Amino acid sequence: MAAMSKADVVASLHDVGLSHDGGAHFVLRHVSLTLERGEFVALLGPSGVGKSTLLRVLMGLMHPTEGQTGGSACVADAGAHATRRSRAMVFQDARLLPWRSVLRNVMFGLEGLHLSKSEKIARAQEALRLVGLEDAQDRLPRRLSGGQRQRVGVARALTVDPDLLLMDEPFGALDPITRTSLQEELQRIWQQTHKTVLFVTHDIEEALRLATRVVVLAGGPPAGITGEIVLDMPHRNPDTPAFRTYAARLRAMIAGEPDPGGEAYWRSAEI
Amino acid sequence: MAAMSKADVVASLHDVGLSHDGGAHFVLRHVSLTLERGEFVALLGPSGVGKSTLLRVLMGLMHPTEGQTGGSACVADAGAHATRRSRAMVFQDARLLPWRSVLRNVMFGLEGLHLSKSEKIARAQEALRLVGLEDAQDRLPRRLSGGQRQRVGVARALTVDPDLLLMDEPFGALDPITRTSLQEELQRIWQQTHKTVLFVTHDIEEALRLATRVVVLAGGPPAGITGEIVLDMPHRNPDTPAFRTYAARLRAMIAGEPDPGGEAYWRSAEI
Amino acid sequence: MSVKLSGPARLGLGLAGLVLFFGVWEAAVQSGLLPSGMVPAPSSLGPAWLDEVRGGFWQQAILDSLNHYLLGLLIGSVLGAGLGILCGMLGLLDSLLEGVVRLLRPVPGLAWVPFAILWFGLSTAGATFVIAISVFWINFYAAHSAVRGVDPELYELASAFGHGSFVGRLVKIVLPASAPGIMAGLRTGLGQGWMSVVAAELFGVPGIGARMMQASSLLATDVVVVYMLTMAMLYAITDFLFGFVRKWVLRWQP
Amino acid sequence: MSVKLSGPARLGLGLAGLVLFFGVWEAAVQSGLLPSGMVPAPSSLGPAWLDEVRGGFWQQAILDSLNHYLLGLLIGSVLGAGLGILCGMLGLLDSLLEGVVRLLRPVPGLAWVPFAILWFGLSTAGATFVIAISVFWINFYAAHSAVRGVDPELYELASAFGHGSFVGRLVKIVLPASAPGIMAGLRTGLGQGWMSVVAAELFGVPGIGARMMQASSLLATDVVVVYMLTMAMLYAITDFLFGFVRKWVLRWQP
Amino acid sequence: ADSIRIGYIPVLGSSALFVIDGEGWAKQAGLDVQLVRFTSGPQAIQALVSGRIDGYVAGVLPLLQARAHGVDVKVVATASIEELSVIARGALAEGLKPDSEAGLTPDAVKDIFARFKQGQKRLPRLAAQPAGSVPDTLLRYWLQKQLGFAQVNTVASIVGVDIDAAQQAFLAGAVDGAVLREPALTVVKTRLPDARILASGHSMMPDQPGSVLAIVKPDAPEHKAWAGTLTSLFVRATTLLAQHPDDAVPFVQKALGGGMLNDSVMKTALEHSASRFVSDPARIVESVKQLQEFEVAEGLLRKAEPVEDLFDTGLWQQAKP
């Protein structure tokens, strides 16, 4: 995979450092990351380590204090006749606009694209159907439960059909059933459309079920990428030893321990 | 356990119904639930089913549209010389006061109790230490990451030392390490202080690890309690068959299927 | 939880409050607690009003005042809210104008009267100018602080979904997010406009204010109060009508 | 993302804006674009000011005006914000007062002047009354709408942690949560107070406003502008000082 | 033709305008006259300076300010003389007989002021119009030159307010005395029977100048066209007011009463003033000169200008009855 052509780098960070106070304290430092077309990368790491910050940088919402960003999705946004956007993000808090109905929140990213009104509505409704909220389209955000809000945020990002989809704990507030069904939807969309996905989660099982690669952000401050595993599993069954070994390795890496390698499964099972 | 004396009922709902629009549409209906002293009850259910609503009713923040509430914690709040509160709640959104520092947010529930200033500070700092945020006490909420905010909310509820602790997805935004450590803290506190805990979670494993009883809210609207399992496991190891059987049963119940009983494990493993 | 009152209950209470207010006032005057020379009895207001209506003074005064009120309000609100929004969004412009704003803002409407006469003469234009100026500042500050108060996270959201340009932020985020504040400013301006009507008419432009001052020179306190109440009524009407606009614009609010 | 300017840069830009403003004005007068009878040249303001200072008029006018300004401001702000908070929190009181508020609110400060004369004579008390009334309403509405805007979820939080009583909600939630709005009201009132000074002094109570009107009657536009600027300066000072209070109270804000 | 805008103040001295307007004389003469109301003379000259009005009927002294600011404005006729009186109430009127008007000597008035100061432990407050107005200047002139007080501010405190406010303040008892013109004098005397005249118009200053008709740039062609006509109408109206004051009641009532004054008050006021409606501008030249000198001494004017320049008696000569 490392030998792909340049056009296939959707987004990349080169030795990026980020500080919220102009350089006095760094949250992230020396972070380099390349997202290639079609990858599904899960980002794991302890609370407060800088995962959301990293996503903001990739989304272009923050300029890195040091280092450079690059990649096809990060350079150009959709042109004048575009019907899709190069990047989209699901925020950790749902971040809905309180004055817009659910449908119009989902349509937010479509506005400005070269689509007719009815196409926009159709696309937004399709996205709402994917997240199971087709009946809630006229409600205002404050009438939604926590998980419903989060799903609207997911629909809003899906509907713009981005090359690069950045998701910050999108399924955190969902029950396992809804969660599983959304995971399956996401998986299907990813497989069909060859989107590039960067997915923050705290759920190791979720990461292993979905990702082609897992990146661990830890240490610090400043934090950095302390480990990376390219997953090589044909069947993503949590009850297989391969799955459990990966899970144990990741658990250790998040805790800041060295990667225990393939032997870890048995140790972790003792917990 | 059913044969306890009346004083040991900390909170109860009798045939409660709740509607956000004064009776036109019910979110919950015919919900009866009794929480006995020292119980640790996990509440599971799909997104938008009414879990947060149920907690609000138990907390006395909403009056049921039909039915009654009762129980020792729900009747009387702390008296004039009280140094603790009868109930406390961890909200699904962290719901911190943006104008207060982390420490003063945690002290929020202590204000009005019969404690000296230094005792209050000491108790709040202790709670912050439990959630691993002792170094962040002077920060303002907007300087915290999502998981950090949630932990402040947990500390705020713990610090008032309540009889009844209502927790609405308190560990949802936490990484597994922090999450495990907070689960262990909560378990320890519960064992030492015999608090009664009602814990909303979407994580079946978490419910099985912590709870003495699991209640499933499903169906509807209006939703009701569709199942209940009193857990009988000495060792809470996810890799044991007992654990897996429980997990499969709960998964089915949340999805609205009938309780598959003890045989479920093997079926679920095929997913 | 605060008591939630139904519409009719609110209205009833409001009327009860008014009845109480006028009742206490009348009783105070009748009992001699308030000397009648200093405060007219509410019961004397009706006759005084009828006199004014019969003479045609009341209708004429309202028409005259409405004329410069509406024009001044429109000009002041549009310019004030517009500039307030721009300054709230553009730090550079805000800084550049800050000194001038600080200089001009505290100049009272009344202090502009001499210049209004000099620049616009005694036409309605002079009165309109005085009204517009006072309405301008209210709207400027309301819009400015509403825009400043917009959650910066929403700008992030706008950037993330292709609305990071100035116009995008303005239309998609700033206007709706600051609508409650801007509406509050417009509403305050609506009231301030009526208040400035008196000042604007102080130098002879005919209208309610001029008529009020004329009555006060004869100690016709009943007529003065009739015009005070007339203004209250006109304000209530404008405010009521504006209420519909506001409700519609902010229909998403709880 | 809007441009973030450093403190000195803002100040510099503000000063540049002022220089530009005065420069254009002077040039307009010098070139005859603005007739000098209608607008004084900025360069004539210095000498006019010196004259006023030498005669002691300037200092005296400031002292006189400060006197009723401060008192009126204090009374109006405390009562206005206080009642606004109460009405915002208590639906019942709010409904009861709604009619009376609607009735009295639109009565302009100037319209109270006849009654100020009747009730207080041509005294400082009358001037204080007129100022207090105009400041009152600003604060009332600002506090009222700030309190109404408090996120209801925060009341839930207060109830959950033992602060569900009226006082608990007031102290723990309403005051801090509505502080930005209340502070904005106080600040607006600070300005409104200076504006009312002219109205309050229109009927002969000495001070800046009276002096300004006197100068305008003598066509001394330069002196009028000197007092306009004096007011701007006093407002700037009060606003600046209030800025510290505001910053301290709202130190938690971004 | 463009309309001729004439500023006026709401006092009886402006009655000639109301007669012209009410009788329709202007229209008959082919003039479109528009009346613009001001609340004091100084207020009106602000509009005059910026060319917003073409003519002016109010006190003569504010015109000195206008001329000092380079405006070419000339008095073409007098409207009324000896209009202003000093009226007192309460402690300042104590012991005075209702018909005191003519009989008070300067010493008697000085006594009253002294007694007031002693009894009330404060200075009496007197309401006038803003600085530079006829009432204000004349009041100060009377106190200093006629009564012989060296320093005005040790005798009384003078408040300069609008005509309406002065009347209200006096009626409300917010001031102890006021310098008022008709119809305010009749109004307050009717409302307050114990109000007393401290000084009549004549005793404040013989030939006391009052309201005048002044025209901006009377020699400019666009004004010359109507200046003569207007002056002769004005003179005609003044004569009517002097000879048949009752005929003017409806016009004056319409302009000043606004439905709030009854006809008898207006009639009394007009009859009382009949002898003061004098149109000859020469009558006040001397007294204006004195008052101008006084204003210069007081610092209200920077320097004295030749008073003759203020007057243009030619038009009156052509129009005189």
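Chains: A, B, C, D and E, in written order; residue numbering restarts at 1 for each.
Here is the rule we go by: contacts are C-beta pairs under 8 Å (C-beta built on N, C-alpha and C of every residue); 3 or more make two chains touch, one makes a residue touch a chain.
Fair warning: this is a prediction, and the values are worked out from it, not measured in the lab.
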Among all the other chains, which ones are in touch with both chain B and chain D?
-> none
Fewest touch steps from chain B to chain C?
-> 2
Given that chain A and chain B share one sequence, their CA atoms superpose after a rotation (degrees, nearest 5) of 180
If you tally C-beta pairs in contact for every chain pair, which pair wins? Let me know.
-> C-D
Taking shared numbers over all numbers used, above half giving same and below half different, the chain C and chain D interface sides are same
Between chain A and chain B, what's the gap in Å when you average each chain's C-alpha atoms?
-> 28
Chain A and chain C have mean C-alpha positions lying a whole-number Å distance apart equal to 50
Per the C-alpha means, the centres of chain C and chain D lie apart by a whole-Å value of 16
For chain B paired with chain E, centre-to-centre distance based on mean C-alpha positions, whole Å | 86
Which positions in chain D touch two or more other chains at once?
-> 38, 113-114, 118, 159, 202, 216, 254
Shared interface positions of chain E, touching two or more other chains = 43, 46, 49-50, 162, 165, 168, 172
Among chain A residues, those touching two or more other chains are 93
Go ahead and list every pair of chains that touch.
-> A-B, A-C, B-D, C-D, C-E, D-E
Which of the residues in chain A end up touching chain C in this complex?
-> 56, 59-61, 77-78, 85, 87-89, 91, 93, 95, 97-100, 108-109, 111-113, 140, 142, 156, 160
Of chain C, residues touching chain E in the complex = 51-52, 55, 57, 114, 117-122, 202-204, 206, 210-211, 213-220, 223
Per the touch rule, the chain D residues reaching chain B in their complex are 153-154, 156-157, 159-163, 168, 172-173, 176-177, 179, 250, 252-254
Using the touch definition up top, name the residues of chain D that touch chain C in the complex.
-> 1-5, 9-10, 13-18, 21, 38-39, 89-92, 95-100, 102-111, 113-115, 118-119, 134, 137-138, 141, 145, 149, 152, 155, 159, 180, 184, 188, 191, 194-199, 202, 209, 212, 216, 221, 224, 227-229, 231-232, 234-236, 239, 254
Can you name the residues of chain A that touch chain B in the complex?
-> 20, 44-49, 52, 92-93, 143-148, 151, 169, 172-179, 202-204, 237, 239, 251, 254-255, 269, 271
